[in-house]
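When the chains are written out, they are named A, B, C and D in that same order, and each has its own residue count from 1.
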Amino acid sequence: MPIPPITLTPPFNVVRCAYIDLGVTDLDAAQDFYDSTLGLVTTTRDPDAIYLRALEERNHHSFALRKADVATCNALGFRVATPGDLEVAYDWFNNGGLDADFVERPYQGRTLRAQDPNGSVLEFFCKMDQADRLLQKYGTYRGVHPQRIDHFNCFSPNVQTSVDFYADLGFRTTEYTDTDDGTELWAAWMHRKGTVHDIAFTNGVGPRLHHVALWVPTALNVIHLCDVMATTGYLAHMERGPGRHGISNAFFLYVRDPDGHRIELYASDYLTVDPDLEPIRWSLTDTQRQTLWGTPAPRSWFEEGSVFPGVAVRDPDLKAEPVIAH
Amino acid sequence: MPIPPITLTPPFNVVRCAYIDLGVTDLDAAQDFYDSTLGLVTTTRDPDAIYLRALEERNHHSFALRKADVATCNALGFRVATPGDLEVAYDWFNNGGLDADFVERPYQGRTLRAQDPNGSVLEFFCKMDQADRLLQKYGTYRGVHPQRIDHFNCFSPNVQTSVDFYADLGFRTTEYTDTDDGTELWAAWMHRKGTVHDIAFTNGVGPRLHHVALWVPTALNVIHLCDVMATTGYLAHMERGPGRHGISNAFFLYVRDPDGHRIELYASDYLTVDPDLEPIRWSLTDTQRQTLWGTPAPRSWFEEGSVFPGVAVRDPDLKAEPVIAH
Amino acid sequence: MPIPPITLTPPFNVVRCAYIDLGVTDLDAAQDFYDSTLGLVTTTRDPDAIYLRALEERNHHSFALRKADVATCNALGFRVATPGDLEVAYDWFNNGGLDADFVERPYQGRTLRAQDPNGSVLEFFCKMDQADRLLQKYGTYRGVHPQRIDHFNCFSPNVQTSVDFYADLGFRTTEYTDTDDGTELWAAWMHRKGTVHDIAFTNGVGPRLHHVALWVPTALNVIHLCDVMATTGYLAHMERGPGRHGISNAFFLYVRDPDGHRIELYASDYLTVDPDLEPIRWSLTDTQRQTLWGTPAPRSWFEEGSVFPGVAVRDPDLKAEPVIAH
Amino acid sequence: MPIPPITLTPPFNVVRCAYIDLGVTDLDAAQDFYDSTLGLVTTTRDPDAIYLRALEERNHHSFALRKADVATCNALGFRVATPGDLEVAYDWFNNGGLDADFVERPYQGRTLRAQDPNGSVLEFFCKMDQADRLLQKYGTYRGVHPQRIDHFNCFSPNVQTSVDFYADLGFRTTEYTDTDDGTELWAAWMHRKGTVHDIAFTNGVGPRLHHVALWVPTALNVIHLCDVMATTGYLAHMERGPGRHGISNAFFLYVRDPDGHRIELYASDYLTVDPDLEPIRWSLTDTQRQTLWGTPAPRSWFEEGSVFPGVAVRDPDLKAEPVIAH
């Protein structure tokens, strides 16, 4: 059983995944996609960045899109509970031999930038400027009615290493895939906030961001987005779905932004706050784990992702042969 | 049994209800309501009128809103099959002692304006300018996603007279309410186009328009409109619903435009093309006919309506006592 | 322009597509599929046949499933307006050199069995036993909440021949596909009842039934059916979808019954009663006509269909090369 | 500001609201309502009790219905994180002068029964027998597709006392109503699990349970339940809704079980895990807090509730006049 035991007393208190920081090559194109099409709301547009939030969010942003020469995932942002947690985190990373240092980020408080053992870039913060809550300003609803950021999904060159590390930080595994002989962990979904996940890892060339997900209220919102994208010039940006994952039971759609960053629109979820909730195991040979309804994903979905700037990627440490239903 | 037999060979061929012509006192206010809020699309705005259509419609307009000093229902517009039908209709009305004459209406062909025996003002036409079909231009969808005009509902001072007249014109009754002794017809729903109705009549001070209905795809669109109206200054314009009618099985919401004209947002329906489809009878004492779920309608819903300009209204010819669940 | 002009005065009055008669090899398996899974309601089960209806239907059946040694499509059933129409139809077919004769069918009145020029087997009737209307017996709703039979779709070895024949019978074309040079009609959707179609034809080995469709209220009912089928042993029966057709704008799912007969679950539609409604043309090279969202259909969907018993099939008469996005 | 500060280190760790224990007078009637109609699944039926769970729940039960002579709310059940929490809780209640003792409950581990300062009866447990997870056994879905227990709502004779007590236990207030002068707390919504609430309090004769809520996926499931209840003998059990609360933004329906216990079907919610999430204040004079769309609640909704057995109720300690929109 490759899933580590629950840690009820992590070294510091990560509350949830809170923002994604992406490098995009064209701010106007990005705004048309994220704001006018998906329906995120632009809180602030600076000369070099756009900050957007979803409809229930009061934080200044859950999407920070920065002008860049090449498309990158700059950081995965996590909220911690208290300012003291940042101090503890600084020590914990550095004592563990992992780089971590404080950086300045606009519109948010002191921010610790660090890397996990596989090289993924993380940012931890405790305070952020607040913005109007739009949940009951229904006149502003557009697109897919995105309600909040839900999770990150990453390619990991060694899923076991990733899971062990985040388990130490108090992330609990809710679902996972392994080989039939139980010797190799293939993918895992881990949470802090009481849903299926804040972060997930899949074997692959990494570290890279596979996708960031927005939670949306119903499948009908996702279907409407399909109709909108297919008839407003975004047909080629629709990569996979809509469909139902076996894992997480999510109703999903995967789309690609103008730079190729992958966004999941994610409807439904379940509550995972019970500390002894048994992780659900899926066999690597069960194709319904990927798509409950049987439709295979395209090859791009298994292969393409967003790199962290300056972080080298490597092939996964696999003993088993990949079993992927293209 | 007060429902007349089916007429398979009407004097002329009415295809369907096709437009409503309303007098409104403030064109800007009307456009904010019908276009920005409900989601109809403005085809043309002239100095004195706005013409709108719903998303699947290719006709230039299904809503003609004309600047007026007082709010009125100017006409109920019906499409006929051929130009020849207009000629036959002219004779039929005039031979029957009912006023009818040809009038000019912008953006549509020759138009016959007539009155039914209770004084309701009708317009018949065969040709209309065509506009872009927006059904697959999903980027233009807003509001409640109104797909087409569905029906008119009128207060009639004598429902039996109304039903007999429209039955002669080939309208078939799909559902009706009468007194338990079967001696008095209270309300009736009649169609030409193969749905529950193109026009309905209820006992009341008339002739007046009770409401015009827009067909919308799902109940979720209606619920979203409730949320939008309740938070954009239109709370007082939400009169009744959402709910389910027993009669017609429609999921409904009734709203009032800035002049008080009543609009129904109407989801679901059923097919009624079989010529021997038995009309469904509802007892006047069965309150589920009005609201399947039991919630009563407000008094305004039973009492208020839009007058036809220059047409006197009168009390209904009732033998039975009204049984209305306020 | 290969679409024939509208016939407002057809030789006899076909009201709508009304039932499908299928040969199935295992009545128990068929009942589990159509009744327990899709949610059709069994009106009568005889030793050799099951008769089912959808939720709004008052006719005894829209699906007649008869025990057979091999899976076949026995007939496409159409309702006509009056008994006199059957007499006229008998003469019209026979005078036109097409076989047609009266047959006995349980639970329905006098029935004329005929073949169209390509050999498809048709049955025309005017009266059928009536059954309880279940539309407001919500406690009986199951599965996909199928509300009514909507249309037949057939492989035709010569679509132009099919369209010309049905146009003579008063069917109007609402949408069609042809080659870019306009010389060859590839597929056509034709109606009598005021929706997108009662019957459609696609080039292919025929005559064969491609599918019969059930109209369902919303996309969410279709998504729920996907979830149910994928987890109750019917995963391999899910052939295509859910998705959106460009043609007809339908939200669709295609499933196969235990004998391989194809059923479409079909949500949304639009009104087509205006006699001068312009048919919508789609280019054979526009893949969005098949799937607005871009996902290709599997090969089986283009190749497999249900034969009519004793009717030979032949290759289509094609000048152009097939352009099929598998 | 009557809302107490956040307690990040409560005396013991309450994870979430987990079950309701109700006394019902007729087990068969209760099972028809909760299981056959709402769609909860019966895990076990004993001679004197029925235990049911919702579709995502793996705990043996979230609804325990026990045969009783009169309808009562026997207990509000809360999950704690560890067995040690139960020991700490025992001491904490007893040291605080509140009754608390261990009791035996079938199908669950050691259970601490206690009373809060207003007399509400609470049960705390850490372990429960596990049952099959039905979330992906879609063939078992029925009724409203209830996914999990969401919250309790209670009449409190002194809301300030209730809020202070539960704040000490680590419950955070997400929304509240007070008088315009800010001197009197009228109602409050408090959570542990990261949603709008695990428990809420409203001024009223108490302590009594106002309702227990089930989370359901979409508004369409709620609408379908309305249709089912209205046509299967449960019309009189539909008390309020469907509608949208201003507070919590929930889409709601309130129904009454055969004993009069009130159940809320509750769709939508928002994430509340950030420890500094500002509580949303509603004015007692803002009627949209109760119903965003304006429809008033019936008098019964403000007055009727379920008593705890043997616990005396008293009038609320109010300085302000009640402002209730009947």
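Definition applied: contacts are C-beta pairs under 8 Å (C-beta built on N, C-alpha and C of every residue); 3 or more make two chains touch, one makes a residue touch a chain.
It should be emphasised that the depicted structure is a prediction, and the values quoted were computed from it without experimental measurement.
Chemist: Is the C-beta contact count larger for C-D or for B-D?
Modeler: Counting C-beta pairs in contact, B-D comes out ahead.
Chemist: Which chain is most remote from subunit C in terms of Cα centres?
Modeler: D
Chemist: Between subunit A and subunit D, what's the gap in Å when you average each chain's C-alpha atoms?
Modeler: Computed from C-alpha means, the inter-chain centre distance equals 32 Å.
Chemist: Compute the distance, rounded to whole Å, between the mean C-alpha positions of subunit C and subunit D.
Modeler: Each chain reduced to its C-alpha mean, subunit C and subunit D end up 50 Å apart.
Chemist: Provide the C-alpha centroid distance between subunit B and subunit D, rounded to the nearest whole angstrom.
Modeler: A distance of 44 Å separates the two centres.
Chemist: What are the residue numbers in subunit D that touch two or more other chains?
Modeler: Counting only residues that touch two or more other chains, subunit D contributes 136, 218-220, 227, 230-231, 292.
Chemist: Under the stated contact criterion, what part of subunit D meets subunit B in this complex?
Modeler: These residues of subunit D touch subunit B: 218-220, 223, 226-227, 229-231, 235-236, 238, 242, 244, 251, 288, 292-295.
Chemist: Going by the contact rule set out above, which residues of subunit C touch subunit D in the complex?
Modeler: Touching subunit D from subunit C are residues 136-139, 141, 218, 220, 224, 227-228, 230-232.
Chemist: List the residues on subunit D that touch subunit A in their complex, please.
Modeler: 8, 15-16, 56, 58-59, 79, 81-82, 127, 130, 133, 135-136, 147-148, 193-194, 217-220, 246, 249, 268, 270-271, 273-278, 280, 292
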